[in-house]
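Report on one structure; see the data block that follows.
Per-chain residue numbering starts at 1, and chain names A, B and C are given in the order in which the chains are listed.
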Amino acid sequence: MTIITRRTALAGLSATATLPIIGAPAFGQTKTKTTVGALRFTSHAASFVAKERGYFDEAGLDVDFAFFQAAQPMAVAVASGDADFAVTAISGGLVSLAQKGATKVIAGALREEPGIDGQKILASDAAFQAGVKAPKDLSGKSWAITQAGSSFHYMGSKIAMAEGIEMEFRPLQKVGAIIGAMKSGQVDGWSIVPHIAKPLAGGGAVHIIGNVSDYLPDYQVTTVFTSKETAEQDEAKSRAFLSAFAKGAADFNAALVDKTAGDDAAEDMVKLVHKYVYTDRPYEKAKPSIVNGAMRISTDLNKASVKDQLNWFSSEGLVDGDTSMGVVVDERYL
Amino acid sequence: MELHVEGLSHAYGPLTVLDDINLAIRPGQILCLVGPSGCGKSTLLRMIGGLEQPDGGQVLQLSPPPTESLNPLTFIFQDFALLPWRSVAGNVALALEHHDLSAGERDGIIADVLARTRLSDFADVLPRQLSGGMKQRVAIARALAVRPAVMLMDEPLSALDAQTRELLLDDLVGLWTRTPFTAVYVTHNLDEAVRLGHSIAILSRRPGRVREVLDLDMPLEGRSLSDPKLAKARDRLWESMREEAQTADRELADV
Amino acid sequence: MSDSDFAKPVTYRGGGFKPVPVAWIGAAFLIALVIIAEIGTRTGIISALTLPRPSAVLETFAELYSSGLLWKHLFPSLSRLAVGAFLGAAVGIAVGVAIGLFSIARSALVPLVAAIFPIPKIALLPLFVIWFGIGEGSKYALIAFGTFTPTVVATYGAVDAVDRGLIRMAQSFNVPWWGIVRKIVLPGALPGILSGLRVSLAIAIILLVAAEMLGATYGIGAYILEAGSLYDLERLFAGVTILSLLGIVVSWAIGRLERRLLAWRG
């Protein structure tokens, strides 16, 4: 007898988060019904491509998207079984869920790569005017993070370590709040994906003072994860998802990252992504943001980077207990 | 102090409640205002005391109030209007606090009026601990404290049970006999009116008009309803009011 | 009428519909729940993901206390709560009394307050950060703002409910305007203001977590948020328990205040 279901408990956990908007389910196919959690970001494009180009159908999956406003509740939704697969950064929360036997990372997704435009290090205009021209100048300054143990925290911490400086980490919960705080000079430094960084810097409110890839080459930014049950007991489904996802990623990389597929393919890709991302903006305005946001998506997992991130959680005291690779990642899939 | 009500009229919207009221309030006497419910007698009293403004007519003060009077026109209310968060002495003090009195003078007045209303032992008691009759005696003490020129009593005994009413009636008679005061006493109770009134004005039902004024030339002390003369006066009043009361009773209380 | 063969007592049918609090049941129920949770989590019927083990929460709490971190978190929270709630309640009472007394204030402010009331104050947090800075200012402002509206509504309701008979009485004794406000309106409205304060302060505690969403490293709210983002259920529950205790303490304190200031109600 289960007195309280996981679902209700987790629903309570994510009570402050926005509820997912789950698309209407389809009926009557023999295909496996699958719910994929996604954020409306370009970094989630591999799933969108796989869906639009029928790669999921080919793999025997009938995919519905559940859209979320933030990565945190999405991880909870996977743990509770409300979504089957999702893509998110390796956060303290994800590690903690893995330790509790709820989730497993099964592949990589977004990653930094030398030569490809990646995440930017930003300084607020106020800090920039006060002399913060390079990451090392952030010594004694404040660094914006969403929450303790988030990827922003990790990046800031690694940059500070590399430069041998101390920074004050300011948890601001949401990217929107961070942007507001950066613009008004309430915080000094931050790192963010290029399609957000560039327009901000273009407006003069913030200044790009470095690249994350200079400090974290091959940084594994996001990973594909699923519930432990699915990873262990439904290997076929997981592999089917990954193969379709990889095809989508390959199309995306060819069109917008490596740009080997030609201008028409790039145009088609932007149009496809625009169905899901920046839907409230006209195509012409959405296009530069989508193009700017293109970073390599690859199911190959950079184990060294993941290991470094796990060690960091442990050494910062953010997560207690076992943070070894095997706890978080289901290595059979790599 | 003598007051004259002259041609006083008042309406609430389209509803005329008082129509051309003329009355003389004679010094040292108690004028009772009786009438069926809703005839506007409480409104009239509030106008006499300056708590409400009439549409027409006026209330004239015929002489300056005596200098020792702190609050010439002083009310006693049906619901006592005691502050529940103040003790008996504190409630009396409220009426004195904004006057230019030394603490000693004030305490002296409070002690005096509490003694006159036989409340000295209850000075520090809160209103909720008192019976209805005691509460009204506190209100009377408070009124006496400001040495009123005219007491305006708005059904002061209506909220009390019959026995308590009887006792308080005796108290009021006793107070007047010791020091005669001027008063307007509003009531719907004819027994009270004939016991306390030197003159009794009967108001008609809405719109309120003075139907007749009955003078009762008998000393207040020793008035008793078993006295045939008083009983007769009471019956006359009732005859005069009966029909009005019956009609008033059937009206929709839709004011 | 009497039929001696039939004599039997009249059946009692007047009971029920009168719940009375039984002193020990509340505590016993709570303890029973905790014991069920403990057994459930120990045996594995309730998974570690669903609910933390109560004993582990207690351990976390003990750790928090012995490491001195409890005070490090509690002190900033308490000072935010004190400053924010005091500002909100004080301005709220002043505005509420003004609405209760002046036609212009009433006409101008009642619609405004009605418009502000339903705004989730959390939604305004980014704006407050711009207005008041990311430091303590925005936290005070959020809590003050959240406490302000319910206090205003409770206060002007309480002022409206003051017995007009008492005011008329005071006028009949020529008590000056300010004296009427001070001696009649304010004490008469006090019960309503205090019960409004009970709600306002509970809201202040709720908003504490929201206030500490932005830029707070220490504070009970920040502690809970961090525990939530790390899915650390033990810390989450320890933090939530502290908030509950805070709520009980505040409610108890107002109860004391009521008994002191409103002794006249008996």
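Some observations on this one:
Here is the rule we use: contacts are C-beta pairs under 8 Å (C-beta built on N, C-alpha and C of every residue); 3 or more make two chains touch, one makes a residue touch a chain.
In this text the structure is predicted, and so the values were computed from the model without any measurement.
Of all chains displayed, C has the C-alpha centre closest to the centre of the whole protein C-alpha set. When you average the Cα atoms of each chain and compare centres, the chain farthest from chain C turns out to be B. The geometric centre of chain A is 83 Å away from that of chain B, both derived from CA atoms.
The mean-CA centres of chain A and chain C are about 39 angstrom from one another, to the nearest whole unit. The distance from the centre of chain B to the centre of chain C, each centre being the mean of the chain's C-alpha atoms, comes to 47 Å. In the complex of the two chains, the chain C residues touching chain B come out as 163, 165-166, 168-176, 179, 183-184, 187-188, 262, 264-266. Only residues 1-6, 9-10, 13, 16, 72, 76, 79, 91-93, 96-97, 100-102, 146-150, 168-173, 176-177, 180-181, 184, 186-187, 318-320 of chain A touch chain C when the two sit together in their complex.
By the touch rule above, chain C contacts chain A in their complex via residues 36, 40, 45-51, 125-126, 129-130, 133-134, 213-217, 222, 225-226, 228-233, 236. Against chain C, the residues of chain B that register as touching in their complex are 49, 51, 71, 73-75, 77, 79, 81, 83-86, 94-95, 97-98, 126, 128-129, 142, 146, 152.
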